[in-house]
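Here chain A shows up in two complexes: once beside chain B, once beside chain C.
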Partner chain A sequence: MKINRRNFLSYGTALVLGGAAGSMLTPAPWKLMDDLAIWTQNWPWTPVPEDGPVSYKPSVCTLCPGGCGINVRLTGGRPVKIEGLRDYPVNNGSLCPMGFAGLQYLYNPARVISPLKREGKRGEGKWTPVSWDEAIAAVTQKLADLRAAGRPESVACITGSDHGAMDAFVSRFMTAYGSPNYIRSATAMDAMEQAIDLTQGQQGTPVFDIENADFILSFGAGLLEGWGSAGRMLNLFGNQKSAKKLIQIEPRLSDTAARATQWIAIHPGAEGALALGLAHVIIKESLYNKYFVDNFAFGFSDWVDETGRAREGFATWVKAYGPEKVSGLTGITPEKIMSLARDFAHAGKPIAISGRGNDDLPGSMDETLAIHFLNALVGNINKTGGVSALPETDYAKWPEINIDETASKGLQQARIDGAGGDEFPNTRFLINRLPGILLAAGESPIQALLVTDANPLYALADAENTKKAFDRIPFIVSFASFMDETAAFADYILPNHTHLERLQVVPATAGVARQIIGLAKPVVKPVYDTRHIGDTFINMAGALGGFVAQAFPWKNYEAFLTESMGNQWEELNQKGRIEIDHSLPDPMAFAFNTTSAKFEFYPTARSTKRQAGDSALPTFTPVPIEGDPNRFKLTLIPYDAMRLAGGDIANVPFLTKILDDTVLKKQTGFVEINPATAKKLGFKEGDSAKLATPKGEAMVRVHLFEGIMPDVIAMPRGLGHTAYSDYLSGKGTNVNALMGSVEDPTSGLDMAWGIRASLTRA
Partner chain B sequence: MSSTNLNKAVSPEAGPDATPQAHDSASSKSSGWAVFTFFMIGFVGSLLAGWILFPELLYSQKNQPIDFNHAVHLDAVTDGCDSCHYFREDGSFSGMPDLAACEDCHQEAMTDNPEEVKFVEEYVTPGIEVPWLNHSKQPDCVFFSHAAHVQGADMSCASCHGDIGTSEHTRVYEENRITGYSRDIWGQSISRLGKPGPGDPRPMKMNDCAECHEDETGHKGACFQCHK
Partner chain C sequence: MKEKHSNTPAKRYGMIIDLDKCTGCGACMVGCYAENNIPFKPDETNKLDSINWIRVFKLTNHKPYPETEICYLPMPCMQCDGVGKHGHSPCVSVCPAVATDYNYDTGIISQIYTRCFGCRYCMAACPYHARKFNWWDPVWPADMEKYLSPNVSPRMRGVVEKCSFCFHRYQLAREKAYMEKRTDLAEGEYQTACADACPTKAITFGDLNNKDHAVYKLKNSPNAFRLLERLETNPKVYYLTTKKWVRKAGDNYLAHEEPETLKTRIKEHH
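Then we have the complex of A and B:
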């Protein structure tokens, strides 16, 4: 039996067949099949949940200023879920989608994972990771140089909020360093705070005691779009059976409008006219609270000033706003205006709330005052179930601060944004004015900019212009946790921990009727090489030396909290919160801190020099939004949505995933358009279109929506990012970039509520 | 060689080259016996490979990081297996104790035992969790409740895990090179025939679960009971 070429095949086949037959009688093929199936389940990229003991760590969410309590579920030390914290006085277990999705901030691919130094051109995205020592040395060197040159005021700081110990900490740094230019991002509360200051002489956070009110008249406030503390609002209005009467006035059927007892569509921007019209009816029909108005109000009836000149009181002033005229301005029938006025005045505890959307836009001072006057007309001021102001409790005991001569000189300089100056004496922050000022000046008045918890390059109107303006600032330092638009444009990034990694004292936000101070505790060790912003500022102060270092004597931020909060720290650390009852002024006394010691319908402190005539009384003049109506035949308004983070913080994938495909489809965002308008322009559902405003253009698709007024189109805030990660950048259009800013003549705040726009076939 | 001559005779024209070819043609015909032989070589060879070589190749042999003595610990503790492998308050099972649990006693070495000294030096002092090799680890798609079996059905640990509690040394951990799981899951017998000896751990494939469930409860159980 020889093997050769000819029989090789036969024998070979026999061998293989024998082998195959034999192997079928062994466990090998069956076992291998089983093992391969299991192998496919254990590929390294297949996520496997952590195993271990389950625990909960209570904390406070700091993603927005809402201050909701959260309960973080951990498995084996890894946070796996965030829930609303039950019995927490702000939100009692409820939480917004962003809060629930909070884990994706911790593990976000857009996180800045170590200090970065810019390489190449600004915004080019080329970075070199540097050590913390190197980054802090570079930043303090620049700050020290500017101080040495006697220009500490040329350092500005933009921050997302000015409540809470951390913000006070940054503000203290600016004071010790010698710059008055501490600037807070804009919110609707800017206008409301000022209205309360002007009329009641009270400085503090506005309180809307909605829990105890029975009739809410909201002039476009996005109560279910993220306004105030979203968890609190969900408790109040999320339940369809909620007995609270809510009248929503806005041009678009928002989620709040859909949930409201009644939605009244109004011409965009005419809210102030409606408020004056309602006041007219309430006064004409003598439905106002006479006890309050007669005893505790000033400027209601006609009066004579110290020069002997006769002045019109508010009652006379609003005679110009009869229902017929207001109907023409607002598009609401005179009958409706009259019945709404009567309902409001007859309610037990009615509250009128101003401010559109989730309070990122300040709005016009006239409008805010006119709406707040409705609260005064029914006498629901400084009462349970009414509107009041919560003075900022100084829960931290700060050691006295000494400043040197350089700092003292710097602090005496006027603020760069003009807030608090001759022109806008009643306004505290005017971030919206920065781009214009930066572009107009020969040399940038800001030589170094520190940005904490804010993203002005995304949030400010007219992105292109803003970018040009910020490019004139020679040195920008961002303390962002994420590569947001402003961080991407910075020279140095000194990344802060995310909300689940940092210790923070969080006072509850605007609206809540009690002072609730919560403690955000780190639930997990820092995932990356980031540093608590408080520690970074302590390091920077230390490196600057002198009085600046003396103002920050603490080892770290935690030491500052434990030392400065004294006895309260223990309670806060144990209970996770401190509650201080908001003692309202005696309702029979109604002491106000104004010049007249009364509620001022005629706000004497209001700057009136650019006001029509010379009266400080609120008038209705349409906000001159930008755009030639002949070229731009439509009006574009931005809107907020709970599933879209539109402000200083951006969406995570979980949130973007739950957007309707009539908001975002693939990479293109939608504008909402009334079917009648769409028909006129020849658009069908889902058509591509070119959206143009005086500030820019964008490719969009149209979504036909009965809930938007004809000739008005709406777009959500929160899309169209250019930075962050692939999960967000390039998706949709940034509506802020297409907006223009209109300065309020008396407050300087941005009062633009929209812009003129055109939609053409693409 | 007669056939060669015969061939030559009948084909005188055939050249000299033809001779070797013709010579081979008879013996080069694949004989049935030869084919059968090759078939059998393949058959027996693969049987041997499949039954003997394959299991040898499939599993790698590893030792536990520390040669743990269960017997000593079981004597020293008061609560039996529960002392270290306990149920948490929420009913979930703690499984292998973590370093913190070991540290309750072993902050420092309690004896001169070289394994204990090694444990303290290499793990306790630097605070590193011991990378124990778990003989009973199941894939993530399997949901198993210890509480239902131990507390609910009153089963002993040994009924599945064998007499591990009285062992004085750790066993060699045979790791499946493809799946990464222990050989114990499939069972020591590669054929999965026969029953494990008394005191041996029981195999833990799905069929093993189903078999026991059928015996004990009369039903193999539904998919979602384990695959949630």
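Then we have the complex of A and C:
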């Protein structure tokens, strides 16, 4: 066929029309369009979580010592959500954000997923994964060598807590091995524990029966910011039936102060003066509990010691702390001091609580005693709704321990940190003194260091100095689950399971008025090549042989637990907890184990060697805060926040995500500053600034907050990590690193509450 | 689209948040993240692109030290009933894809990710900034994918998401009730993850239409208020406070305006 114009047009038109009609009729374009739509919604990279039958596994959270009950929801055996365990006696279903974020500890980019051996320089981050056998052989070889050289005492162990079964297990290892240097991280309870020991002669965990108290006088304790067991405290606050009066005394409007019945702003560091001032009013106006003071107290009135010397009683002693004087020291009006004293004394069940923040820093012994004396003045000692001590219950039965000559010699050596020694006879652990001691010695007195559940390279003051000090230790072994600062500095890491993978017996924490022993059961099989720290210690003991191995005759940690708990194991395993009522010493006359067999307002057992004057009575001497006030015109105080894990455990992504953008912005942390101070220094909200203290410098931003005292600046604990993963490392500033440590003259504990600082334009 | 196919009376699920009880701990946020597979990035400090279904704001009365007070204010999606409570919430009214809709059985505003094409009209319309856009695909590092819950689909880049009042929990509770041949749910059977998580019990959740539920009484408390009430969006999230300055922070009041007197002018449609 010849193609001419006519043909072309007619056939062409038919073709186009036919084609159009055909393509309209065929499903192909519709199908393609549909496919395209589906394709745009086809996200193969978006995970489709696997479904399965839902089950719940109750357990106990061991992320902090709080010991809250948790209920883990599993889908097809996979843990997907952590919730509070409703009827658990510690927290009754309440949980802190860290507890809720628990699964991000199980799966975390900072987890150490197999034993590691250091390659390259310390802290450089070069590691070789090694087998468990190799790692344990290397560590025990070092420990065996030191024993063979007759120096078992040169092995030290730093732990995060000292009152769980696992802590006792580690302590037993140290005893069998022959070293007295079992060192626990510092807590505010250290000072309180010692105050109870000195005045009441009772050793044990301090109990604050807040459940049954009705008037809480808190000298800066972060009661709603992670203090003690966070789940317990939040649950108590939310329980309307037990409405209490809470008076919060601190220089910063914290979240606890904001929720308190009354916030009393005080000059930082003057808490001890206020306590003595309140005691003055209570005694002067005769508002104290005369029955208790007359019958069960010693050193209240003037007395004569065995040498015939006349001694001042506490009642005379506090005459020096009249409201006018105390007002000058604290910045609180005399009227307010008097009315506070009256309110406290007139309350049904008043309780005074010492220790700033969420109990990571011990504080001054004088201050702690002065505050504890308020409890004694109202007679609220060893009573329901009062303060008492919970003796360490021996719920675990241990087989007899035999030690060899090497160990016996080692155990007779003085502790490296000086605790319990000549200078500080009343103190058990003094981790804050380690850096100074390590740096001062010719050869490091610690030749090998074991670190479990603690992160001293982050938590101790003056990070730079601490790092230098720890670098003098030739051999550091970390048992951390995460690559924390101390693990990153170690020679070997023998990673522990995380809290959801390991079996643990967990006693309730300080403050709780009952002995509650919980069982943390693994809710999931170990995800990585980690090992229960108890098993690791059994392995190490076995490899050391001899008496050390004999002290650990168990196949594994579970065998130890079932055996040592005896017939209690059954109940514990079934119910998930054992509750033992805290029997208060009764009658009161036999309660005190002091020299005078009474509550001692004059603590005769208190070492006064380094105390100015030789009285054991608490005085108010301002803590010498480091720094030249002319150069450093501001005062920096650290604070604890619920959304920041500040201690031995660090934030996971969910926790960092809930931080306000006035706490952290990109990689920079904020300092809180009063608008008046900011104006004086020429800062506006969000401005960059250089923060300097005698211990170091950091780039920060300023956040204007009316709730912070003028000329005082505050920074949260928990930021400024250098280790862990991209989700935390390098964010903000570690306030501990900028702080200095001040030794308490009688306890040796760190009593620094702040440091002088300056803020300058960046 | 008005659907009525339930044989039980329609519910209006709502929430009462007692601001005097909120300590600002953030457990509601983390509980929500874990429940709803909320993604996270290494840097979450730009709150404009940080995905939260509930966010706790910190309010200050800005009085000088030491007269300062602070108050925490948790903000989920307000689940607005809209003017006249007909379900015309600001977001539902503007969505061109019916990706967000008002459920007349529960009063809950849905968000259907596979329908959403990311125009973000709803975000512009929402006066509470309750809606968040996925600028990136989610990344769960280090095996974290293993903890994701199958009850809520993980979202993808390019869609808007928001608080659903944990609608999946409602569905699960309904299924359970159905299996047990019940037509109605008990008060505690369906609770949101944030209400469950709140350690001080500041959040109460339930059916605002049901006289037996705690929320019914609480919403009529003299201390109750809602955010931006004068817009008549009719939120189903109520707040309780005894503090006047907090009450005043709930809307753009002029200096001389008193929330209490204005409140009576806003007609409650029952």
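As a convention for this text, the second predicted complex is superposed on the first by the 709 of 762 C-alpha atoms of A that agree within 3 Å, B and C clash if a C-alpha of one lies under 4 Å from a C-alpha of the other, contacts with A are read in each partner's own complex, and residues count from 1 in each chain.
Convention: contacts are C-beta pairs under 8 Å (C-beta built on N, C-alpha and C of every residue); 3 or more make two chains touch, one makes a residue touch a chain.
Small disclaimer: the values here were computed from a predicted structure and weren't measured.
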Is A:39 touching anything from chain B or chain C once the two structures are fitted on A? First, second, both or neither.
first
Give one of first, second, both or neither to describe whether A:243 is in contact with chain B, with chain C, with both, or with none.
neither
Does the superposition put A:4 against chain B (first), chain C (second), both, or neither?
first
For A:235, is the partner it touches chain B (first), chain C (second), both, or none of the two (neither)?
second
Going by the contact rule set out at the top, does A:49 touch chain B (first), chain C (second), both, or neither?
both
Report for A:440: first if it touches chain B alone, second if chain C alone, otherwise both or neither.
neither
Is it chain B or chain C that touches the larger share of residues in chain A?
C
Per the contact definition in the header, classify A:96: touching chain B only (first), chain C only (second), both, or neither.
second
Overlap of chain C and chain B interfaces on chain A (superposed complexes):
41, 48-49, 51
Could you list, by residue number, the parts of chain A that touch chain B in their complex?
1-2, 4, 6-7, 10-12, 14-23, 25-28, 31-32, 34-36, 38-39, 41-42, 48-49, 51, 53-54
Chain B residues touching chain A - in the complex, by the definition given at the top
24, 27-31, 34-47, 49-51, 54-55, 58, 88, 90, 92, 94-95, 139-141, 176, 178-181, 186, 190-192
Footprint of chain C on chain A - complex, ascending:
41, 43, 45-52, 75, 78-84, 91, 93-97, 99-101, 103-104, 106-109, 111, 224, 230-231, 234-235, 237-239, 253, 255-256, 258-259, 263, 265, 527, 642-643, 653-662, 664-667, 674-676, 705-710, 725-727
Contact footprint of chain A on chain C as seen in their complex
21, 23-27, 29-31, 33-35, 37, 40, 42-47, 50, 52, 56, 58, 60, 62-66, 68-72, 114, 137-138, 140-150, 153-157, 196-202
